[in-house]
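One structure is given below, encoded as structure tokens.
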Amino acid sequence: MPPTDGPRQDAPGARQGIRIRLEVAFADFRLDVDLDLPGRGVTALFGHSGSGKTTLLRCVAGLEPAARGVLTVNGECWQDSARGLFVPPHRRQLGYVFQEASLFPHLSVRRNLEFGLRRIPAAARKVSLAQATALLGIDHLLERMPDRLSGGERQRVGMARALLTSPRILLMDEPLAALDARRKQEILPYLERLHDELDIPVLYVSHAAEEVVRLADHVVMLGEGRVMAAGELRATMARLDLPTAFTEDAGVVVEGRVAEHDDHYHLTRLDFPGGAVWVSRQVAELGRMLRFRVHARDVSLADHQVEGTSIVNLLPVVIDEIVGADTAAHVLVKMDAGGTPLVARITRRSSEQLVLRPGRRMWAQIKSVALLG
Amino acid sequence: MPPTDGPRQDAPGARQGIRIRLEVAFADFRLDVDLDLPGRGVTALFGHSGSGKTTLLRCVAGLEPAARGVLTVNGECWQDSARGLFVPPHRRQLGYVFQEASLFPHLSVRRNLEFGLRRIPAAARKVSLAQATALLGIDHLLERMPDRLSGGERQRVGMARALLTSPRILLMDEPLAALDARRKQEILPYLERLHDELDIPVLYVSHAAEEVVRLADHVVMLGEGRVMAAGELRATMARLDLPTAFTEDAGVVVEGRVAEHDDHYHLTRLDFPGGAVWVSRQVAELGRMLRFRVHARDVSLADHQVEGTSIVNLLPVVIDEIVGADTAAHVLVKMDAGGTPLVARITRRSSEQLVLRPGRRMWAQIKSVALLG
Amino acid sequence: AEDTVTIAAAADLKFALDEIVAAYRSRQSGDRVEVIYGSSGKFATQIRQGAPFDLYFSADIAYPRELEAAGLAAGPTRPYALGRIVLWSNSRDASALRLQDLADPALGRIAIANPRHAPYGKRAEEALRAAGVWDAVQGRLVQGENIAQTAQFVQSGNAGIGIIALSLALNPTLAQQGGYALIDDALHEPLEQGFILTRRAAGNAAAARFADFMQDEVARAIMRRYGFVLPGEGGAR
Amino acid sequence: MSSLSSADWSAVWLTLKLATVSTVILLLVGTPIAWWLARTRSKWKGVVGAVVALPLVLPPTVIGFYLLLAMGPNGPVGQLTEALGIGLLPFSFAGLVVGSVIYSLPFVVQPVHNAFEAIGRRPLEVAATLRAGPWDSFFNVALPLARPGFVTATILGFAHTVGEFGVVLMIGGNIPDKTRVVSVAIYDHVEALEYAEAHWLAGGMLAFSFLVLLALYGRRYRTGGGLG
Amino acid sequence: MSSLSSADWSAVWLTLKLATVSTVILLLVGTPIAWWLARTRSKWKGVVGAVVALPLVLPPTVIGFYLLLAMGPNGPVGQLTEALGIGLLPFSFAGLVVGSVIYSLPFVVQPVHNAFEAIGRRPLEVAATLRAGPWDSFFNVALPLARPGFVTATILGFAHTVGEFGVVLMIGGNIPDKTRVVSVAIYDHVEALEYAEAHWLAGGMLAFSFLVLLALYGRRYRTGGGLG
């Protein structure tokens, strides 16, 4: 049973999920959010600079003592101001990757990493030091002092340090911002696996739509301290009316079943209601569900089943709706591919030349390379 | 004439350009570069985390006193260790946007901004406080202290502060990393104009290929403290043998002349040797040269002139070469479009099914939306 | 176990008492005697607060009498000497000087002990007033915390001349330097010095032995040699 | 150092003992006060800070005098210690320790306070997210980061105690082996015109202190600045 | 405070004057030393640091004694000042200032040194890229950022001078209006058993100092940490 000043367990069959009903006010800013988030998987926090993303993470971590409200994480109540309950940060079993790496300047990289690791029971350690350092490519830095590291190196050490506490929830404030593409490519799949294996919820602040789409199950869009939109990734990203900066990044996320491997051409076929796409060979057993994103700008439309091109994926679709896009030159075309929504971003001229209108049957061309690998 | 301890002007007809021949060694790292960069325009510094990008900028700024070698910026010699010459940082008339914002904690945002501004002669001020704050969206923050700012807000103040010194060279260490897409969209064009109007060279560290391609004329790729590749943007980005993380981002940069505006469909046609592409309506007079990038992954190939699709841009090409790409599933196809090089990233299966080989004539399909707007 | 006697003594006794203690120890080799020198006033304050002194040799007799009246003494106050003050200089022969000469600014600074709480300072002030030069020397007076420090001001040359205890001027080190002029004891109240056994010393046989030793001819001879006039004896050199 | 008498040696020994004991107590007492001052948002912060700093402005003789009155047989502290069977503190080693601690407290609290403030709250927040409770953070993050402040506090506290004179003069009584510390011993030599002895003792102190300070300086935490 | 005699008032006035003048000189002398210590990579750093800290361990009476010898007519300083026509320093206000500055120097240098080190090099690098030369950076960046250290240095330096007793005893000579400072005046009252006067003077000092310290504490620079 938890200690009396530790997290309070609610009724035994307590519902999973994260309930955040918090508010805190600064001189010129006020955060006021009411969110119900899933108890596992990645929730992406979007929003412009200054919209309150960091503040929200800090409230969840218990680092803003002035915050009032209710916070429950998978049945554990961490804060309930009405009841006077406030679990201090060190009892919340969370991992926090700060926006600035914030390494301890008096400890070597190794001792920074061990700081959290040594404070959890050996039995609770799900990530080993060797694993974390290998993943983040920092083995050769272990004996360095933090002031001898580059910006990206510091950031990676900060991430490894948080992972090593095997937390029950992970708060990440733009952890990949300072990393180069190759490193991101290495870390992203690990984070995906992490969230599969550790089965913990992750709150993830990011500006990069790519990252979010790849990782997130849920998205929350903040604006001036309030929740502008929140919900399941596919539903939220497909909403064309979002007053956002993301229409250029418009697209949908589709889940497909691994149906076939083509070992000669190193390809894998993913089936989903309404069609199939070929992607790079995936290391996944047949039948497994994989997620991929279809960027609106990677989808083109044709009035017939075009042959003799390098475009591998052709799907029959029915046009649902045509709406304005981010520039006057473009429109977003929302379609239905046998139950799976798709969005294409094409020029208005093409739309008129092809005489697109709701209900019309067309072929969607998807460059396979635009799919998530 | 400059003061004796100020920058030393070489011969009156001194050549323009930046000559960097510097080396500096840390315990586990050694930077050793020999670069000749253009004296105007943006040079992008690429390279993995820890490859020495920040160290190089610091050497140029004069912040690594241990660095040895020669550094000349547009005819002014800032360092020549053999001659014992070392111009101190404050006489180098440079602007430096640090990787971490590094605002003065004891000064308000306004006083941070004024710090540099007040130290240059009024006549030399090419950017006003109002301009800079409006551009970076920090007007409402002027009276705040830095510890009351969000991460992105700090970064923007740091950028504005550097711009306000109207420097003769601008060093930017990932200035946009912490910014959201919308803000980037606002700042990038300004930086472009800045470099047109101020006519100063910019050394720009970035992980985001998009940014680089949009801004840079020149690229330098660093790896373990050495120059892996350096040169004019188009030439360097089209080289397929770069041992880089950027093959996924492979592509070419093309310069086209504004040839026609279609005000009905809000499109602009850009002509270049070998063809033309349609892009979003540009605010640019006819005849002006504009640059755009063609991502390899946005190019598909067809064996005939496909009609009835939303793809606007179709160019006849001749295949030059087919090489391996970053995954076994893909190949990079290098082509010649009437003198302009193009690259396509397609599946190996498509390549075989279309029987691609050097010398074969094909049609390149470019989604107009993939062009730089 | 050996018996220990702790003595608090006025600074003017510094050299004389050291010799007396040496003589005493050659006779009573079993007793340990510690002497602490300082200003008489400070010791009086400390004894009121329970300082562990067995004997208190003051530079005047008023302080021990007050302690006796306050019940802090084991036995009556015993006078043990009359002190004398002298003019002494390190840098010139003072033996030919008289108090009136101090009005001459050429002599430089004049050191005296603090008249507020050092008896030797009090007497110096009285003598200067009686000689009619008190006002004339005001601007040049410097005060030592006790009479030994006053001597040290003069000895280091920072004061041109000083009024110090005869007992100090007769110390071999100082006697080699300069010279002194005895000040007429008619110009000031007598420097009647007394000591007490403190209440704390009641029952300390060694303390009583040492007190008695002050009457011994050996001790008296030493005192005389340092220029003290002993009770019942008259005149000085 | 054949020129030092055994009495001088015992003064040296006593001084080192006094300074060591006092410094240890000063650090134990001063650190929590400094921590509280650096962290609290209480309205009493200013008042407590000022009270702790007060011994600074009182001349040591004044402190000594009031301590003498307070700890004497008629003073409140004296009556308490007597009732407790400890006896009276003045003229004892314990009394000197009490005096030194009060006298030197601000010299320990001030630098440590500054060092704690310079840390900022971020490292402690980070420590909390890494499961370190308040005590754990204090010992493993705040203390090491405040190291330069502690070095300074130790130097100032120790040295101030070694150099103490006024307080000792009042409440010490200059008793050999108990309260005659070096400062008083040198003073006595000087007053007795025993300059050679004074020079030896002062010179020895100086040389010794120089070496200790040199060692401490060599080990100062070199890098400054905030979080890496 | 009708109980303070005019002599006492002039001791108070003299003390404040001495402490103010000394503190100003201490800051002027101590700041460059602290800056050099914080920035240099010279091998002499440790030695200079230790030398500056040395006055800490010497009892004030010892410092006073050696100053008396050095500044006296036979001492090197004394012969210099006489040759320069300044006259002798002992028993003069100028002499007290010299003594106070030497005696209190470490109390000013140490906190400022710590504060300078805590700044790190980044803010100065930033300032340089914003066209601030070394002096400009020093005054507009380093000094403001080291503010808590300067507050502490000022408090410690001022207070230490106010509380000084041993040095004054040795080189002061207790001359009214010139060298009789409060610490000596209180001592005299106590020794003369004028306890009431001593209480008034000590109590007044205490109250005054408390108010000054309270004001200083209220204005301490609150936020800590590195660059924002």
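In this document, chain identifiers A, B, C, D and E correspond to the written order of the chains, with residue numbering beginning at 1 in each.
Assume a residue touches a chain if its C-beta (ideal position, glycine included) is under 8 Å from a C-beta of that chain, and two chains touch if they have at least 3 such contacts.
Protein identities per chain, from UniProt: A, B = Molybdenum ABC transporter ATP-binding protein; D, E = Molybdenum transport system permease.
Nothing here was measured: the structure is a model prediction, and the numbers come from that model.
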item: Those chains which touch subunit D and also touch subunit C; value: E
item: Minimum number of chain-to-chain contact steps, subunit A to subunit C; value: 2
item: Between B-E and C-E, the pair with more C-beta contacts; value: B-E
item: Chain at maximum distance from subunit D, centres defined as averaged CA atoms; value: B
item: Cα-superposition angle relating the copies subunit E and subunit D, to nearest 5°; value: 180
item: Subunit B and subunit D: spacing of chain centres that average the CA atoms, whole Å; value: 59
item: Between subunit E and subunit D, distance of the C-alpha-averaged centres to the nearest whole Å; value: 19
item: CA centroid of subunit A to CA centroid of subunit B, Å; value: 28
item: Between subunit D and subunit A, distance of the C-alpha-averaged centres to the nearest whole Å; value: 56
item: Of all residues in subunit B, the ones touching two or more other chains; value: 100
item: Residue list for subunit D, restricted to those that touch at least two other chains; value: 65, 122, 190, 223, 225-227
item: Overlap residues in subunit C, where contacts from two or more other chains coincide; value: 42, 45, 149
item: Which pairs of chains touch, using the document's own definition; value: A-B, A-D, B-E, C-D, C-E, D-E
item: Interfacial residue positions of subunit D with respect to subunit A in the complex; value: 122-123, 125-134, 136-137, 140-141, 144-145, 147, 221, 223, 225-228
item: For the subunit A and subunit D complex, residues of the former touching the latter; value: 61-63, 88-91, 93-96, 98, 100-106, 115-116, 119-120, 145-147, 149, 154, 161-162, 165
item: Residue numbers on subunit C that touch subunit E, as the complex places them; value: 39, 41-42, 44-45, 91, 109, 111, 114, 116-117, 141-145, 149, 153, 156-159
item: Subunit B - residues contacting subunit A, complex; value: 26-28, 46-50, 53-55, 99-100, 137, 140, 144, 148, 150-153, 155-156, 173-174, 177-183, 185, 207, 209, 245-246, 248-249, 262, 265-267, 278-281, 297-298, 300-304, 306, 308-312, 327-330, 344-352, 354, 365, 367-370, 373
item: Complex interface listing, subunit D residues touching subunit E; value: 38, 45-47, 49-51, 53-54, 56-62, 65-66, 106-107, 110-111, 113-122, 148-149, 152, 155-156, 158-160, 162-166, 182-184, 186-187, 190, 198, 202, 205-206, 209-210, 213-214, 217-218, 220, 222-227
